[in-house]
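One structure below.
Going by the order they are written in, the chains are A, B, C and D; count residues from 1 in each one.
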């Protein structure tokens, strides 16, 4: 189906290989009249840059967005917003010797199985570089959501099983020494989301959010509210008791949020809350065994600069995908609601 | 967006309220020439009937599919396959007193927030009854997959935290006595899936599968391969080592399956494996506190017959959604592959 | 892509072969709270029945819609509206001898080229019978549009080149005597359409309407406003002069309607107007030459009852497709407009 | 719905305003391994440049495509192909005085009705400039089609009612002197199209082609084969007689092509043939009456350089849209056909 377009009404088309001229996106369906400038996008791009994190590669990616269309005199026109981010500073030479074999944990083999051809200068389209386009699109979605007082935030829950910052830093020291890497868990919270978003039955808010977050490279799981823990709970404990807060007599609130902000696939006015698990970076500098395209077993040492853990840098990407889903579901709900019932 | 259509090329439109005349589906895009009859569908419907499970409601649902179109002399025509399943044996009276309040853990309030109207005779569209249409559509997808030697199976991993059958049965005794319910975890395996399915970057196989399974009522999480456990592993442990089996010298196999059968969002030729968490049935017979539409707090005792745990009955539904995703991705891959590279 | 689903937000899935158990449709995305009953649908079905027209087959089709879902106590729920219309009174025997050859002007050969299988009892899915589902869906769309004071009407412009009723009736006499058939032109007008509908650039209102109407069997052309005539006009004549009517000082009207109610693919507040050309019914009783599947030339006399001209019966179908497009574009516009600018 | 994405499997996202930094497109779903370079695209861009035609504006548009992604070492990767074309040489000053009024025949008013904001430096997104992105995408589609020996060509049928070249040139002289403009008719032929393309019932090949061509700015009608003429023909004349050519004993040919290459919405192996009508350029230099945003009537003389007739320049755009439809339907058919039946 050609899987580089995301969304139904707020639609993002993403493009770009890691070692090609640029990555970027086109946003079709952003409402007109929204204040937007390149600095809004650059701020999100900066959050996923490697330099700021102890866990990250030392590559420098001086990402700067160029808006090619859809914005006039600082406001969106309602037309497609095209954004490009030039690739700079990549060293294709680092990858030359990897073209003849399959790196463990990478998409080298599956990409060849699917397309019969790949850009072996780097991950190409399967590189984490692709997430810059997501962050850019997410910046626009966040601007739209902010008009409705909806905010998206995230935090690291754990890295390599550690939850304390000092333990995490010590872990990074060990990983660097051992040439290894770690995974982690991210939590994301969307606040201010009105009740009523989500389109049962197949486009439930959890289904849409799950699809969005599981499409991020390295994501291996997602759970909402009490999540996998709910599987061990009794109904009497997991049900959130409806309450009637004095300030809003016409709608219930809830005494807990095991539901993660959704009932029957529709937002219930509480915070939308999910956690996502990311696998360890597959590129490690310790020696590994693999096979080459010629069929022979072979020992591999990956050189170059790689993240010890992608989790710190993935936060803005998770938020971006969450924001895109919320923007899309918001517009979809308006279509049947005609502005009357949004609460 | 109107969320009752699933899929891109193998598209399923689902319809039906729990207490209306019928539920059903229309499958658009099923290839022609596939052997199909009503018994194929009834077999899957029987698996989700309540009668066979200790955990289930005592309602009898004598589900029988009627194929209205798309099949001629026992073969699919390539035209839409419409299937209806009449609703029988429902007792609307059981629900009459519930229309004025919001049942904890149910979609009553969110449904009103979204639509401003609901069929209060039962769950309506948010009832588990809706999954009969999924099972019917899944039966057709399974027939298609079987032509490619792809099979889908599932099992109960745990219920209420218990993994042994005797402990689970003992748990059901206690739940029945206490008027409570339990959640659980399901595991699903797709075998025989060729490498190359999945459409990066937004339509990765995990994203599509996640969306499908998270759209099932009560599903609160999904994980692939090592899943949330991967977040605590080192890269050196989580990477699956590529091997070259003698029998297939032109393609790698893998020494483990932490990836759950996918790399870079594309199937890698190993079993596709995921686990899904389901929350406890929200309808419990023990007394609960809630609020009514009139704003007043209220004590609630839900009568009628309800599942102690939906997990045993949800197995064919999970399989159905998995089969629909695989059928769809298979057709999508054929579109760019033209039958040449499928391996 | 599986082409039996129409629309983006107001989505119709159509199904059914002419000689199978039923035809019907599922409407996903109809807003909640709309008054709807089976009589609304039957009224449109009656308009496309053959009995009322001199040009029509003498087959009787006693079409009665059954609503299976989506309506509760006379109002739409916002859930999918499934409608089935049982097929009655067909005589498969009439078609038995046609299965071995290709009828001129019919889809017999192309259907086999595409699917390798077909229901030779009649046109199957390519029969005009399929349009009953369109008329049913159109009835629902018209109900929605009526809430916005939008109305859809149509008329016969010409049949076999004749525009006067008496000449048309005389033509029908001759066609019946000669065993021949005629085509014709239909005009459709949508009144009350607010300015602002249509989604540039690829989903212009004319593009969407064109796709809808050209999808009706036998339609060979469509033109908007001055249409093909515009190709011979000067710009100074074809431009509609903007005027400022006293009653609506905040928006222009136009001194003429060569544009057919649209500018730049967006409705301009004038009547939307188009004409569609339909080919003569391919089934004629006069002898024709064709080839059989065995490769041999063969003379063919089609028996059975067929329309001399489909144009009178196609009026409700054209209106239905026009109504579906307008309903869909209305909802799409609301998504970005949030009810503020609709004028 | 955000209407800037075209297609189902071969999907084109278009962007760009006439007076912004660039126009361009992203093609998602192009199969891998196709030879492609910027010169392929520039060749199509050159065909729509104004300089070569007597009917055209004297603006110079030195269009050069830059491919940002999706191509590696001269071959497509199967990933999104992003193409940008910088805007150069526009003179915004020419448009300054037009911002306060509604130009007759233009989308100024409808754009404001829809979006409440517009880029008044020129047509913005509703400018013909947008078609450069279509031509670029069409160049890629043509490369794909050429692998299947499918070719797309077009010609001018008439301009301002004239069909002879000398009469057309004389007409241009008069139009230039009078400050007026003319419309015209284009014919397009697709040769080599295999039988079996098109997805009944709503995605018939004529419906898809109609949508594509009617989405081009200024297009007011389309007809296939005998088209509007079919409405005056008898069935006995309009039916194309199936023949069995000696060279292809397993498939019929046809003795005429009134059907325009399609039966039942599916290609029949004959040339696909359609004609499209384009209105006269609305920008004329002769004085016109209109109204301003302030409500007052006003006389208008449009300065600047405008085409006397867009028809000569629209040929590559019509071909591009036709090629996009054929590429898309080809891939869609492969999905159900698995390469077995394409004939």
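Here, contacts are C-beta pairs under 8 Å (C-beta built on N, C-alpha and C of every residue); 3 or more make two chains touch, one makes a residue touch a chain.
Quantities reported herein were computed from a predicted structural model and do not represent experimental measurements.
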Practice task
Would you kindly say which chain has the C-alpha centre located farthest from the C-alpha centre of chain A?
Solution key: C
Practice task
By the contact definition above, name the pair with the higher C-beta contact count: B-D or A-D.
Solution key: A-D
Handout entry: Distance between chain centroids, defined by C-alpha means - chain A, chain B (Å)
Key = 25
Handout entry: Distance between chain centroids, defined by C-alpha means - chain B, chain D (Å)
Key = 44
Completion exercise
CA centroids of chain A and chain D: separation to the nearest Å works out as 37
Exercise for the section: Hunt down the residues of chain A that sit against at least two other chains at once, touch-wise. Expected result: 1-5, 8-9, 14, 29, 32, 78-79, 114-116, 125, 200, 332, 335-336
Fill in the blank from the handout: Counting only contacts in the complex, chain B reaches chain D at residues 9, 29, 31-32, 78-79, 331-332, 334-340
Problem - Complex interface listing, chain C residues touching chain D - result: 1-6, 8-9, 14, 102, 104-107, 109-111, 113-116, 125-126, 130, 158-161, 175, 178, 180-185, 195-204, 206-212, 214-215, 217, 219-228, 230-244, 249-252, 258-260, 262-269, 277-284, 286, 288-291, 295-297, 332-333, 335-337, 341, 343
Problem - Of chain A, residues touching chain D in the complex - result: 1-5, 8-11, 13-17, 20-24, 26, 28-29, 32-33, 66-70, 72, 75, 77-82, 84, 114-119, 124-125
